[in-house]
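Several structures are given next for inspection.
One chain, chain A, appears in both complexes that follow, with chain B as partner in the first and chain C in the second.
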Partner chain A sequence: MLQGPAPRGPARKNKPMKTRVSRRDVLRFASGSAIGLALSPLPWKLTDDLAIWTQNWSWIPRPPRGELANRFTTCTLCPAGCAVRARCVGDTPVSLHGLPRDPLSGGTLCPLGSVGHHLAYHPARVAGAIRQLGRRGRSRAVPVQAEAAVAEVGKAIAAARARGDTVAVLDGRPGSAGSWALRRFASSLPGAVRVPAPGREGRWLEAVAAAAGDGSTAYGCDLERAGSVISFGALLSAGWGAPGRARALLARAGKGATLIEVDSRRSASATAARRLAIASDGEEALALGLAHVLLADGLVDPASLRQSRDVAAFSAVIRGFTPERVAERAGVEAGEIVALARTLAAHRPSLALGGEDPAAGPLAPGAAAAVFALDVLLGSVGGAGGLVPVRPVPPPEGGEDVTAPVELEEVADGSVGVLLIDASAGGVTLPWHWLERKLVGARAVVAAFSPYRAGLALRADLVFATPAYLEAYADAPTPAGEALASYAVAAPLLVPRAGAADPIVWLRRIAAAAGVATPSSLSSSEQVVRSRVDAIHRSGRGSVVDPADGSIRPIAAFASPEALLKALVAGGRWVDDAEPPRSAPACSLLGACGGRWRELAAGPAAPRADAAKFPLRLQLSGRRDAVASAATSPVTAKLYRESGLRSRPGTATVNPATARAAGLRPGQRVRVETGAGALGAPLACDAAVLPGVVEVAVGPDGVALGDRGAQPDATALDLAGTDGQGGWRSTPARLVEA
Partner chain B sequence: MVKYRAAAGFLAGAVVALGAGWVAFPRVLYRRAAQPLQFSHRLHTGERVGLACEECHALAADGRFSGIPRIEKCAACHAEPQGKTADEKRLVEEYVAKGLEIPWLVYSRQPENAYFSHAPHLKLAKLKCEQCHGPQGEGDSLRPFERNRISGYSRDIWGRSISRLRRARWEGMKMDDCSRCHARSGVHESCLTCHK
Partner chain C sequence: MEGKAPAKARFGMVIDLDRCDGCGACMVACAVENNVPPARPSANDRTGLTWMRVHRATGGGPQGGDAVFIPVSCQHCGHHAPCVSVCPQNAVDVNPETGVVSQIPERCLGCRYCMAACPYHARYFNWWDPAWPAGTEAALNPEVSVRMRGVVEKCNFCHARWHAAKAKAAAAGKREIDPADYVPACVEACPNQAIVFGDLDDASSPAARLAREPHAFRLLDRLGTEPKVFYRSEREWVRRLGEADVAREAKEA
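What follows is the complex of A and B.
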């Protein structure tokens, strides 16, 4: 039976209402769920657990568990050579600590040294040999057979010799055991030159040795007896030389000693030392201005004037450097220059120290010579509390029989057919384009010896793996500026990674492939260390200080070189006997800078040709622990990326006034441009940066911090130009909105 | 009606999510595992046996914490069964007689990326075991071990309460708990103290 349609009206009202879930209901439910979840521990606990999960992946190295033991050694990550207590589980170091009884470090261990035991496990470690394909610095790596890589470099050396191209070996740590082996290698290979790293610490003192005599006597700084110290470009309080000495000097600050640091960059240690902020490249003018006041006010020691061959000529030149004229160039008020000169004269013995910066390189020769002249006028050359002669550490057997090093500036552009970079003892801070312009072009072969695929090794065609810190014998000869020669040894605490070998072992194999015979002596770092310890023992000089307990044993107490080596391997430090101060031979105050200083004295400097295009100055900054090694532990990422305790690499920091003048805001992305290149960077403002200056930290970059995929397009060092005087302290630059 | 319905939908979602977060999530997150044997701390530390904590959980000569006692320590008293319980029988037959270590599940084991030394806490700070581990020594039995399925940690590291609202000072052994105690005691710390 058919039924008609349901009646409309009242009958429909009685039907139960259907519950339909609409999209709006779903959204309300979802909103409630979202708020409910946020008020529950689920998302927060889940985030925490996932973060922990990522910290415990199976391939992340784990400290072993087992019996604990303390072993004593020396940090060789930078030339300071601080004494180290390694807390080991079994044979594996799990933590490193400084030793307060160490006369050089005073117990200091920098962030890099504190995590040095991590470096053997760094993600950028190289195994065997690798070839890098693509643009230098933006390359990808492919493993190659070590024999094939050795043969390739050997063939390139043979070809370079046949063409008359230079084979250059860049010595990353002059003076170290590895360096002696490199010297021997370079001497045995005709046409090869050993180029010491241009930014090495102690370069100013090498210039002093050349200016104060015939270059055969090395000089150190007697900080311990100095009444006042003024440092130009060497951040003593940040660890230049041996960090414990600056600490001791600062500890005496309340008892009359004064430490003044002259620098145009921000100082992380300004609270410890008196900082004198000067204009970019103002060191030379300030030193000459101080010399002018000393001469004009009769504050010069007459005995010191007799030490100079050309005091009259110097006095004539220096007349143009009145405080008023220097004030403009140095960015320091005239009255302050006069007061500073009088302070130095009143707190004798006074020492003017020129130094190298781990990021910004050496002082320009003009500034270096001006600082030395100031020392002569202050009477501090050869006297207690000044620049004192230092006997060298006895060289290894056959060490004298080598050719002299060649400075990078002396190597002709476009002349190097094969460049071998020894970065095994730590990264070399050097703008790559400085090296690149020395190459013959595309046919040049660049090989690096490094534990890591980082730093300059990223620019090489081939990288040969070397042992990481604590994996091989290394040594720490006298740090820059030390008043007494010293020598410490680091014996391996870890088993080297498979495929890693001493740079000299690689070089000998390469030389063999090139058909060149190399002598068998000094054929490994260990052999150099043993030979040097033999030489120290034979010399009969000095004593061994044990930083673990502070005991001192004269060298005569060691019956044999083996006994001495054993003491050094156990953490001891050989320190030479003190010599009575002696006057330096007569020297020239003007040196090679007479002409330059006459020009400077003649009037204000002519404006730079590119002043309109590049109105600012780029200054690179960085602490030794961040730039001296090509790698650091990822654990220090917080220090460099989050804490603000260290400048973040790749950030352009300017004075707020500079930012305002350029129409830029903090946090904004900018491009730092120089004649050498450009770098994208976030902008930060800090009133401590001088107006007109752009400061960029050199390192550590992402690769150094363990992010293998973080190869930057350009590094801050790529922007560094040349000042024409062998340094990269400041480069004309500009900031533009990215 | 429409207004109530809107509120009901929202509230239903919130209630379900809160229930999931506060009740279901902790149950799913932790996997329970029974200890290989039952053990009475109270019996061993009580008058009848009279052991002190450090007699079994001793520091080694180099300052390391030896942790769980080895089977030889148990065997010194349990070479023969000391009672008639099933666990006592298993202890003697399966572990002591065979010289096998008991695979205890450790409630307070710190993860591999954290380095912790008992020596300075016991010798320098003179802390009592209970200040960090709570009244472990008073139990008659061992509670189940609860392992976090994601991080692999024991539940005791986070603390019993999923909210981390602690009822007792010893609850929780996360970095925050260590730092709080260090701050309270004026003890200097740095990242590398615990993370090697």
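What follows is the complex of A and C.
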């Protein structure tokens, strides 16, 4: 075996193995381990897990789990009645969507409709019955036994009847299933009156029906065939009537169709609709000024003149409404009035449309009559592209009015002993002081049927809980302005909250407590819907459109009313057949306004007596979806606070010039004062608001839910003075530093 | 990470400002779809959460009272998205399949560098635990999880809907989704059909066609971030707003 050479030099001594661990060794090991761990994936994995873990606390809301399914229904939050696809987990809707094949809505939902499934969980929901204590609108609520509350209202009704006081029922949604029951109730109770909500959509068309004939023929608008549409107060582009139809009109704008929206408020019109800003209450003068130009320039169709009984008298009256004079009253240049009249004459068929503002109420009767007169001169009454007769939806059995409805302005002040407010179908926008004036005083009893302690229900002595949206049967009859009658049904998707009952059920119990016999028919909303569907089936008219797939089935294809109801509950919409055209009977252009228009034509308007004290005009504002419900989802706060897209209820907005003239700055607290009251409000400036106008937004406040959220709505409406003719569109006001 | 793989699609949208009437349906539909919680009552425009925010600006017309509504969401920058490059956590990701800039809340540590870097102010920080009124949890969208306090969130072109469209395509044995199956909530909700969504690289898509129109523009185009959200207006003063800071303009107006 070969051996290598021996190592040179001194032999190395082997060190003995170190057995003791020094402090330095420990530190070395710890440092190395720390560095090694830091370089390994472990800490990152731990951090990641920690991050995920800290995002899953037990109090973080967890979305529901389960299979998703679509159910089809109809939105009944406002009179538009848009078709809805509800995406549900189990039976609970988790989102709501429009249906593009729906002929009325065109497939979209407004912001309120999109969050409708949140409303059932609103913190201001009422359970059973509550009593409100203290001054109305500033009260606190205590729960009461439902039986005791029913007995109290029944006793009050009996006492009111004994004293000869009126029992008034405010119908929040005329035409709906609930409304038919109110009619029956009011008819079965001697001395009771049904008062339709003064701000209801379609009120101008009711005036048209009265002016164009005997009131028995209802009218709608043939927007689809109109060449030009000028709307006074009805913001079509913001959803008046059925939103899908206005959208179709806007799509045609620029391709032969014209839409002009006359309004004195800040308008959010898309540019496809031309906005004509006019002075407050300038609608009447502008309509008459346009009529003057049409007559003076010979732009009136002779055939349409024959439709009127008093053309000569009307011509004589409006001779004073020259464009120059109207320009002064309406705040529009004379040349623009002439050009506008010529545009309407050139783009026939032309339709002048009067309408209601969701926040500021209906047109004054003078303005409503002036717009109708303009329609007659344009030849649009009874013709294609104009105002066309509409057959009503067949009524339910036993729902007929025995007594005619009474407008609120016709109810004598201090005459109402019991006021029942039906706010179950949606919010009722109405200045409370107008209703309060009708009460007999402190002894009057006010009861409301509402899902929420909000809006007008805050002013009631007793509130009876009703189901929220999607919790009960509801229906959507023909929206205002529709050229064909239609009917849709919303079946419940959610279980009603304990203690909530149909307003019809409450009314029957109250009637029993008052010792009044009510007929057994119309005992629930579901029964009204069934009865109406029976009537539609019997009529044999129309067809059912399925918005889910766009299919159309004639009514004859449904073997039984049950089959028809099943189709409607599944989201179908019944649409009436087109009626053959018929000419409207001869009508009066002057109507009841001859004297007023003669006075207006005589010269410039006399200055208001309170012009020095109240130099500005207060106008309430709010889109339809902002005021349609007394309560809203907190998600809508994103529109008011987090984006500033809309003014929060109770915010005063003025033109920067108005603020400067009053020595006020944006953001400052101000007091808006009118003859009806005062309101502290933050001030905002917007160049789109006309000078001399103070806009105050109304509607539920999604930012502050519950009682706090409901207060500003009531307070802002309290400022509006009523004109005694059913409107509160503008009120003399002033702004002072708070 | 951005630039690693070519995008199979380049989803984007074109918003017609002449059609928008500021109804806010897009904002609300977005919040419902993505379970964006309502902010606390003390929140304001800076601390609230709005993946889609509609700004209002005035300035046109004879008296300067002409208004325009400008919906602004994440612009989904196509080139050097500032939020991607500043995130220390890799919590911002560009999906190579869609070109969509996504936020991954589980990775986010809440440093808010991305918010500072975003020139469009389109990112929002969760200052509070998400909370809805009692019972509303049952009405939340089951396809989107709720984000925790302390993370940043923003528009992702309704990522859950893209997943649903992919699942549907896969169930039908297809690799490509049907464009009709992938429509973000804001697009679906717009009553005036002002928002058009689609693949900007697909010449046949309406969005691609509209994006090439002469009246189309992008916000802060000069920055070179190549946003995939386009706007269009026939009004020149509105187009000029594209070069301004929209949020600031709206506030100053």
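Note that the second predicted complex is superposed on the first by the 658 of 738 C-alpha atoms of A that agree within 3 Å, B and C clash if a C-alpha of one lies under 4 Å from a C-alpha of the other, contacts with A are read in each partner's own complex, and residues count from 1 in each chain.
One rule holds for everything that comes next: contacts are C-beta pairs under 8 Å (C-beta built on N, C-alpha and C of every residue); 3 or more make two chains touch, one makes a residue touch a chain.
Everything numeric here is computed off the predicted structure, so don't read it as measured data.
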| item | value |
| --- | --- |
| Which of chain B and chain C A:G36 touches, first, second, both or neither | first |
| First (chain B), second (chain C), both or neither touched by A:A248 | neither |
| Touching partner for A:A570 - first (chain B), second (chain C), both, neither | neither |
| Contacts of A:A512 with chain B and chain C, given as first, second, both or neither | neither |
| Contacts of A:Y121 with chain B and chain C, given as first, second, both or neither | second |
| Chain B versus chain C as contact partner of A:A69, first or second or both or neither | first |
| Chain B versus chain C as contact partner of A:V144, first or second or both or neither | neither |
| Contacts of A:A158 with chain B and chain C, given as first, second, both or neither | neither |
| Partner, of chain C and chain B, that touches more residues belonging to chain A | C |
| Which superposed partner A:A384 touches (first chain B, second chain C, both, neither) | neither |
| Shared contact residues on chain A - chain B and chain C | 52, 55-56, 60, 62-63, 68, 94-95, 114-115, 117, 635, 638 |
| Chain A residues within the chain B interface of the complex | 24-25, 28-37, 39-43, 45-46, 49-50, 52-53, 55-56, 60, 62-63, 67-69, 94-95, 114-115, 117, 635, 638 |
| Footprint of chain A on chain B - complex, ascending | 5-6, 9-18, 20-22, 25-26, 29, 60, 62-64, 111-113, 115, 148, 150-153, 158, 162-164, 191-192, 195-196 |
| Chain A residues touching chain C - in the complex, by the definition given at the top | 48, 51-52, 54-57, 59-66, 68, 89, 92-98, 106, 108-111, 114-115, 117-118, 120-123, 237-239, 243, 247, 250, 268-272, 277, 623, 625, 633-639, 641-646, 686-688, 702-705 |
| Of chain C, residues touching chain A in the complex | 18-25, 27-29, 31-33, 35-39, 41, 43-45, 48-50, 53-56, 58, 63-67, 69, 105-109, 129-148, 150-151, 188-194, 234-235, 250, 253 |
